[in-house]
């Protein structure tokens, strides 16, 4: 049985209501977030993603707006009534982060950052725990256990592709991890088809498969102008493309209840 | 556009009619095949799989009934009206194999056995080309090209899981290869959830995802008594389980036309 | 040209003097460390390793003695005149850690823990940066760049095996990374044959290869009674075995100057 | 104990005399082979490699000179007194191949081509069995067992790099497989640093490590003009570079007897 995580009076994760979480890779500006917020709100999206702290491989690339980004997220959240998910990378940012964010994301690179896991284990907010790039199922569930042992059981797992020899996609999306996690644990699990494939044209088919295989939702990168995105442009959907994805998923969803 | 491969007047692969190919890992005896054939025929399965030549890692394990196995396959095929798919491993067996088999399977270990590819490139039967354990998309399509260049364009690709660090499943099923192949080629592509996962309980969810992501069918291992199977027992479905899978897939199929 | 990192007046890393760093996986007790310290000191080992904070996959296993472990390390260091290398996992522990440790180790799981990298970038102690389990060469050097950009250029890289499909060893030791790193950067690089293989009998041959391929040293797990070790017993050498390794390496070393 | 494979009265594989096998990726012409033969002979190389049948990923690239290539190999072999190793890919070519070749090579792509393994198991020539791209140690030894069971025990294993996520090198050279194979079997094992790294500048350090870790030899690609090679130019050494490698290895060799 999958645990139900109640986010607010209308929004839960872990029941059969396939959640679509969306937003840009990075919070870039108030204006960018407002465009995205208005659009996503208009098509019924309840949970907004957006990175304020960005774990970039190269220290010379855009690192996110950090605290300024969190403030923008909060403004947009309040203006349009979203719940907000954003990544925290430093245990010292968890407490303040909680004032701005509804779901704290632990990124792939930090799946075994045990100091950080313990820190988010002691808060009262749900945690979105992404699978590490080369984490086994057991290591992933053990990382969740680090959080749970500190008292926080509101954990949402997120499969975002694993690292393999395959070179056509950015990662190899391990969709079969969904029924495995359902068999081994009570945590809801969502799919990140954006990082999982790294290619725009694969996001819709991967999202349909996520629904069919029993995932509790997807988290998708959306940007008003992907070609100008400060990060992850190749895997971001523009508004039209994303709208089409939502429509297709909605149509399909009724058959999986 | 996916190419349509016409197998007989009623059966094609590559249109939107999601094919379910089923049968045991290995042909073990006339009696075993007759039980399987009667059952599969009774629930409407058109294409029977069954290995006569078995590429086993260990030379001291059961290697298949070889030519005797082909004869059994042909008997069952004629008795119940199946089309039959079976693996050929030696280029010297291709010609005779064609007298018994409707679709020649090239197994993962032989995806880059170019002598064999050329041999099946010169016959008039469709070829089921399984992806190599660590083959990239490009290498897989190039292997198909070896067949096509000899004149045989009736190629069905089969994703059966790739080899990664992940250890919970036998292989990592790369479902996203389906839309990639659809974008890059005209070949139909089916999914092998039995080898792709190696675990019985994952075959139904993986099959649903295969349908949702656009595959042209699945190939599933079925055995009357999986615990007594001479190979691949852990990933074989018994008759009840397989019947349930067919029912679920049929129900879902109508929503993907 | 490889940078020379001066540790004290007698000890440097990065010249042609192949360093052997040794010690237990984890600091377990004052008594254990004293036995190890006395032994290692008696055979001329200058740099002692020992984990106080242990990044264990499973939160229910031994997590290290933490601050008590650091104190034991310092006692042994002073008693026998060692330089000490130990892992820090939490950016909040870096400052205090520097009072006890001569070389701060960043473990594989934290290779892209950018908050931690920035923190050790601002200290005056050398950093031993282990390669992440599935880090490419570029990602590894970029992680070093996070440290260097904060002002700390005393970085020692450590190859400790990467995660692959191979299942006979704990990891696949990528010895060829040594000449690659030498070509691409100025950082000294050492090999960890203990984690890199996970099997006692492979540590000596892997160490010889490390020397031959140009590494600046090795870091080896040694325990007085490996079968009683609280962690990594299978890959720890006992005193006799380790003494033999040191002797063999010393004999070989003269031919590589 | 490693088995000794006697190739002729002066040449054996499997004792402590580290063999250097060399030659071009592909036999391209009589003139090319004569240049290479004269050079290799002049510096004391005893075993010549050269591909007549080339297993190329892409069917539209150079496939080797096939039987013409074998004839050229035999001419050069007789002119300069070499032993010759060359790949056979089709079981139907094994018998004729034996008239031209002293050591039959089974390539990586065919490590589990069981029809071919059985065929070379029934001949009286040594077999060089390359490890498959994603073969475990067990699968590799089982492939050798297919040969041995047919009566041919003169098997030389060759590690040539495995397929991993790592992208700086063509493959990840698993040098540690050498002591593993020595522990688990009696077969001699050589290293292929050319395919194992795919980069010229890494071949010498990898060869030194091969010697230090206990390999029975190396097989190296040499070409008079690597930039004009019809295949594998990037990893081929020119004559000067190769001469330097031989000199360095000879100097080092005396310390490993």
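Lettered A, B, C and D in written order, each chain numbered from 1.
Definition applied: a contact is a pair of C-beta atoms (placed from the backbone, for glycine too) under 8 Å apart; a residue touches a chain by one contact, two chains touch by 3 or more.
Only a predicted model underlies this, so the values are computations on that prediction, with no experimental measurement involved.
A.B. asks: So which chains count as neighbours of both chain A and chain B?
C.D. replies: C, D
A.B. asks: Mind listing the chains that sit against chain B and also against chain C?
C.D. replies: A, D
A.B. asks: Quick one: which chain's Cα centre is the longest way from chain D's?
C.D. replies: Most distant chain from chain D: A.
A.B. asks: Counting only Cα atoms for the centres, state how far chain C is from chain D in Å.
C.D. replies: Roughly 36 Å, centre to centre.
A.B. asks: Between chain A and chain D, tell me the centre distance in angstrom, where each centre is the average of that chain's C-alpha atoms.
C.D. replies: 49
A.B. asks: Can you list every residue of chain A that touches 2 or more other chains, as numbers and ranges?
C.D. replies: Chain A, residues with two or more chain partners: 134, 138, 163-165, 167.
A.B. asks: Could you please specify the touching residues of chain C with respect to chain D in the complex?
C.D. replies: The touching residues are 134, 136-138, 162, 164-169, 172-176, 178-180, 183, 196-197, 201-202, 205-206, 208-214, 252, 255.
A.B. asks: Contact residues on chain A for chain D in the complex?
C.D. replies: These residues of chain A touch chain D: 134, 163-165, 167.
A.B. asks: Mind listing the chain C positions that touch chain A in their complex?
C.D. replies: 55, 57-60, 89-92, 109-110, 112-116, 133-134, 138-139, 142, 145-146, 149, 163
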